[in-house]
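Letters A, B, C and D mark the chains as written, and numbering starts fresh at 1 in each.
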Amino acid sequence: MTSGGDAPGMNAAIRSVVRACAYYRTECVGIYRGYQGMIEGDFVTMTARSVNNIIHKGGTILKSARSKDFRTKEGRQKAYENLKEQEIDGLVVIGGDGSFTGGVVFNQEYDFPVVGIPGTIDNDIYGTSHTLGYDTALNTAMEAIDKIRDTASSHNRLFIVEVMGRDAGFIALNAGVGAGAEEILIPEENLGLDRMLESLKKSKRSGKSSSIVVVAEGDKSGKNVFELADYVEENLPEYEVRVSVLGHMQRGGSPSCFDRVLASRLGVKAVELLIDGRSNLMVGLQNNQVVATDLEKAIKGIQEINMELLRVSDIMTT
Amino acid sequence: MTSGGDAPGMNAAIRSVVRACAYYRTECVGIYRGYQGMIEGDFVTMTARSVNNIIHKGGTILKSARSKDFRTKEGRQKAYENLKEQEIDGLVVIGGDGSFTGGVVFNQEYDFPVVGIPGTIDNDIYGTSHTLGYDTALNTAMEAIDKIRDTASSHNRLFIVEVMGRDAGFIALNAGVGAGAEEILIPEENLGLDRMLESLKKSKRSGKSSSIVVVAEGDKSGKNVFELADYVEENLPEYEVRVSVLGHMQRGGSPSCFDRVLASRLGVKAVELLIDGRSNLMVGLQNNQVVATDLEKAIKGIQEINMELLRVSDIMTT
Amino acid sequence: MTSGGDAPGMNAAIRSVVRACAYYRTECVGIYRGYQGMIEGDFVTMTARSVNNIIHKGGTILKSARSKDFRTKEGRQKAYENLKEQEIDGLVVIGGDGSFTGGVVFNQEYDFPVVGIPGTIDNDIYGTSHTLGYDTALNTAMEAIDKIRDTASSHNRLFIVEVMGRDAGFIALNAGVGAGAEEILIPEENLGLDRMLESLKKSKRSGKSSSIVVVAEGDKSGKNVFELADYVEENLPEYEVRVSVLGHMQRGGSPSCFDRVLASRLGVKAVELLIDGRSNLMVGLQNNQVVATDLEKAIKGIQEINMELLRVSDIMTT
Amino acid sequence: MTSGGDAPGMNAAIRSVVRACAYYRTECVGIYRGYQGMIEGDFVTMTARSVNNIIHKGGTILKSARSKDFRTKEGRQKAYENLKEQEIDGLVVIGGDGSFTGGVVFNQEYDFPVVGIPGTIDNDIYGTSHTLGYDTALNTAMEAIDKIRDTASSHNRLFIVEVMGRDAGFIALNAGVGAGAEEILIPEENLGLDRMLESLKKSKRSGKSSSIVVVAEGDKSGKNVFELADYVEENLPEYEVRVSVLGHMQRGGSPSCFDRVLASRLGVKAVELLIDGRSNLMVGLQNNQVVATDLEKAIKGIQEINMELLRVSDIMTT
């Protein structure tokens, strides 16, 4: 099943899980709409051929949803009964923290084997250097900012661009460095707006005529992007400021090669773990190797942002 | 010069004007920042080599700006003096209606030869079937909506997507049809919101689980996209609605083949008209031929939206 | 049915035909693998929902094939019987010249209503300014050449790039102008290789360090691209020459907005013509209007290349 | 300097080196055309502003070349004199194995500080998990194969696609897995052509109608791609086979976010090492951290292909 917010590469992961099952001569059943579909018995038998021609597709053919019912004991009971009726012996959950938490609770109550595959564009999951969809989202965001820079530099304007990342600045920091942004505001580091003004002032003095400020959704400066724009215009009248909120397009699109390969690797490992009788694990990438992390650790741990890259970002905008 | 809002293909047009001048052994001077640069004497001599490797670039290397000063007699006087001092005998203005109006006034006052090249993503200029940048913007908007559809259909959501077009629905209609949108709201046709609700209700009944509504900035429904979203959620509680405003990224990006070829053709024609002693004309495309239209007609005329395509759009969402 | 070489936009045309049938409450049957599937009775009933989510896909979900059997009387007889058995009353053929010829013969023999939709990347069909897939192929070829130019200009090399177009230079000319090629060789104009050498020599003298020569498959210079490369290296030892044959990737990819909109318009018109009892027509685009051309005229006529663009191309490489 | 084959991300690395120098108040001089430009004294002073707007560009603004002269003692002597005359105290070489070897020899002879940045699309350098340009090339190759698959599956054909990689199968293996190829032939693993035929036969029997075989340039099967195609057609007459050689477009294009960020990180580190008085090192990525490897080790070591991914590839094509 896929659960929570969708991410590019989820289909590639579904394909990999299904094909690995076929390889190990294990039957495979897809569950539509995550835990909600599990409760409603929305199942589909999947064979190697059902996943032809989906590796390159964004979104998820199994659809996703958030499920209130699964938070109730009754909901989980119903889900368990459905799984048993289908003779399902193990569960692969492709999703993020919230989806994994559901899996852990379910495992505790019914001793049902669960393995998680980290799928979210935000990269905010402990135990894997990259989550599925993250690399694609970086490229999507960066390419959009590349386009915005064309018009910014034609008009000597400053653009404040909001990218996704409610709790984590991975997209903002990496897409910002990749797009050559002058300033990057992320939740993990709140240096105050004065510092940003100072830096923009300096940038103007040094002859730069246009600027891009990339802001993560979850930035802690206390102002949303529109308020930020007003604030800059008030304090730096030499700038004409525009705002762009990139929004949901960052969740879609054909996955990058990195995400497709990662999905293929993680899907195989998830199936192999279940076949080996293991449970409560998340498969992930560490040092370019596929590894398994305790699922609870993955939920509780915090993926740290790369401080060296923050410093590189400062040096790049000297 | 390039003037007004920037558009992909402006650099290809600059390159074409410069190369055509070189071909006809005519000196060519670039003017930075449109009419404002003309007033401030911000000129640069351009040779065939100064436009190497710009055909594929978004934005405009000559930059663009709106000029208040050019609306004053003093400003235009200063601009005229600068042109004379530079021994400039004719002006190619790449821009939209507003920029052409400036050119007409200038021509009336100083009898200075002016030829316009229509450059704006909105395609709202009479006398040419396509403006520079329009084809590129269509693809940019459509590809963004393609990405949004991935996430819309994974979550059974309705997305309201705002595209550019303050007075004209060309981008909304074409990108909407191209992206397979369920509804398209444009300034040229206000059928009322009841019709949209009816159509979305029908779409839901027929089993469609996700929908895209494309709205032009300048839509006349009386509600902005966020109000529209609230309105739909109130009236159709079966829908979970999200909003995405594509914004300025639609102005940037590498021009499509169509726009680069069009720019190359129009640039040559503009130079040839000036060399032939003609003035007050806009070059454009009609029936795939390069033609000249009286500049005042181009300003006053209205590019009509294609009613057949509106009908096709309805049929596609049956 | 789709027939002959595939082209981006064929799926969008299938979708349009199916949806238009639904709109006019007419049953619609898809035929797999063109005329061959017609002979083998490879049919599928199609409803508005069978064409969900295909507008953006390259290739054709109905597959395509060339059919030797349809060239025999027996083959066509069998095909006719299958159509009658399915109670099919009219045929929409999406394809090129060869496919239309089959349709004309079939119509003559069985008085069976046939309407053609021009689908081929080559744009070599009379009666329409644009064939389906042509605009997409231009962008695909041009973007590949943009990438090649990166490495050409890093190494001061000359690249000879072969693009598709066995009998027609439309792709070579337009993608070549769009990519800023120094020389373009097309079947319609054979100026001799001496002229190309002269031009490359001049280009080198004027300080250009890298060059791109775009050659159509069907070029009449008498040398293939590898022989051309040898010829240039022998005669201009100052150049280091590389060859790239873009090949079949030019046939694939997600269709451009232009192709998707065109497909939507042509599909509707094709269905409306059949419903109106008309036959032996090809729908196409002329002066941005959808028009019908006699199918035999479309086959016999020759789409002329734009001589003005050839001239523009020369001026651009001054 | 940039040296050897160009790769996307080289410009981002140049920008990073220049900006890091500016940050550390160190003068920076660019050398054109690698070692050849060093011998010919082709230098340019670079400031933070000279690298504006290059982070997204393919190729290298400093150009690249292979230098025979640098293999001679006289050539290196001249190069050394030029560096001294320019008061250059350290050298950053962006390139591959061959370029690093030149650097090591130069360092041995003149005790001149040298730091290497691995820039090549082939990823065949020991000491870094990723070379600059590799991630971009993977996406370029994969997207081209995605397009080819459109036409392959429309026509039930088999395509043999050659990708770059003379000695290493990294591109073939990863782009092949990413594009869902049925077979992947790489230099590191020669399982014989019989196995490929067997696998294709099985694939056909299981109902697959089209297939993609990805072959690295340096494949050791003893046949080039055209011979391979003949061989398959002879042995599996049920297949219609086509060949596509992706060629030099794989070297170009705007770098991916991964490559731009990697380039930014490596450039800073290279400058910091030189400023710290270190030499004979290559900066690279290991476990997502920037590390330095002894330059000679980097040259002699062999980057091993990921055997787990080979296995995943087999499972995916079950």
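Operating definition for what follows: a contact is a pair of C-beta atoms (placed from the backbone, for glycine too) under 8 Å apart; a residue touches a chain by one contact, two chains touch by 3 or more.
Fair warning: this is a prediction, and the values are worked out from it, not measured in the lab.
Chemist: Same residues or different residues where chain A meets chain B? The copies count as same if more than half of the interface numbers are shared.
Modeler: Comparing the two copies, chain A and chain B contact each other through largely the same residue numbers, since over half are shared.
Chemist: Measuring between Cα centroids, which chain is at the maximum distance from chain A?
Modeler: C
Chemist: Averaging over Cα atoms per chain, report the distance between chain A and chain B in Å.
Modeler: So the centre of chain A lies 34 Å away from the centre of chain B.
Chemist: Measuring from the mean C-alpha position of chain A to the mean C-alpha position of chain C, what distance in angstrom results?
Modeler: 39
Chemist: Got the chain D residues that touch at least 2 other chains?
Modeler: Within chain D, residues 146, 149, 153 contact more than one other chain.
Chemist: With chains as vertices joined when they touch, what's the shape: line, ring, star, complete or other?
Modeler: Contact pattern: a closed ring, each chain touching exactly two others.
Chemist: Which two-chain combinations touch?
Modeler: Pairwise, the chains that meet the contact rule are A-B, A-D, B-C, C-D.
Chemist: With touch defined as at the start, can you tell me which chain D residues reach chain C in the complex?
Modeler: Answer in residue numbers: 2, 5-6, 8, 10, 57-60, 63-65, 140, 144, 146-156, 159, 209, 242-253.
Chemist: Hey, which residues of chain D end up touching chain A in the complex?
Modeler: 15-16, 19-20, 22-23, 48-49, 52-53, 55-56, 129, 135, 138-139, 141-142, 146, 149, 153, 174-175, 177-180, 206-208, 254, 256-258, 260-261, 264-265, 268, 286-290, 306, 308-309, 311-313, 315-318
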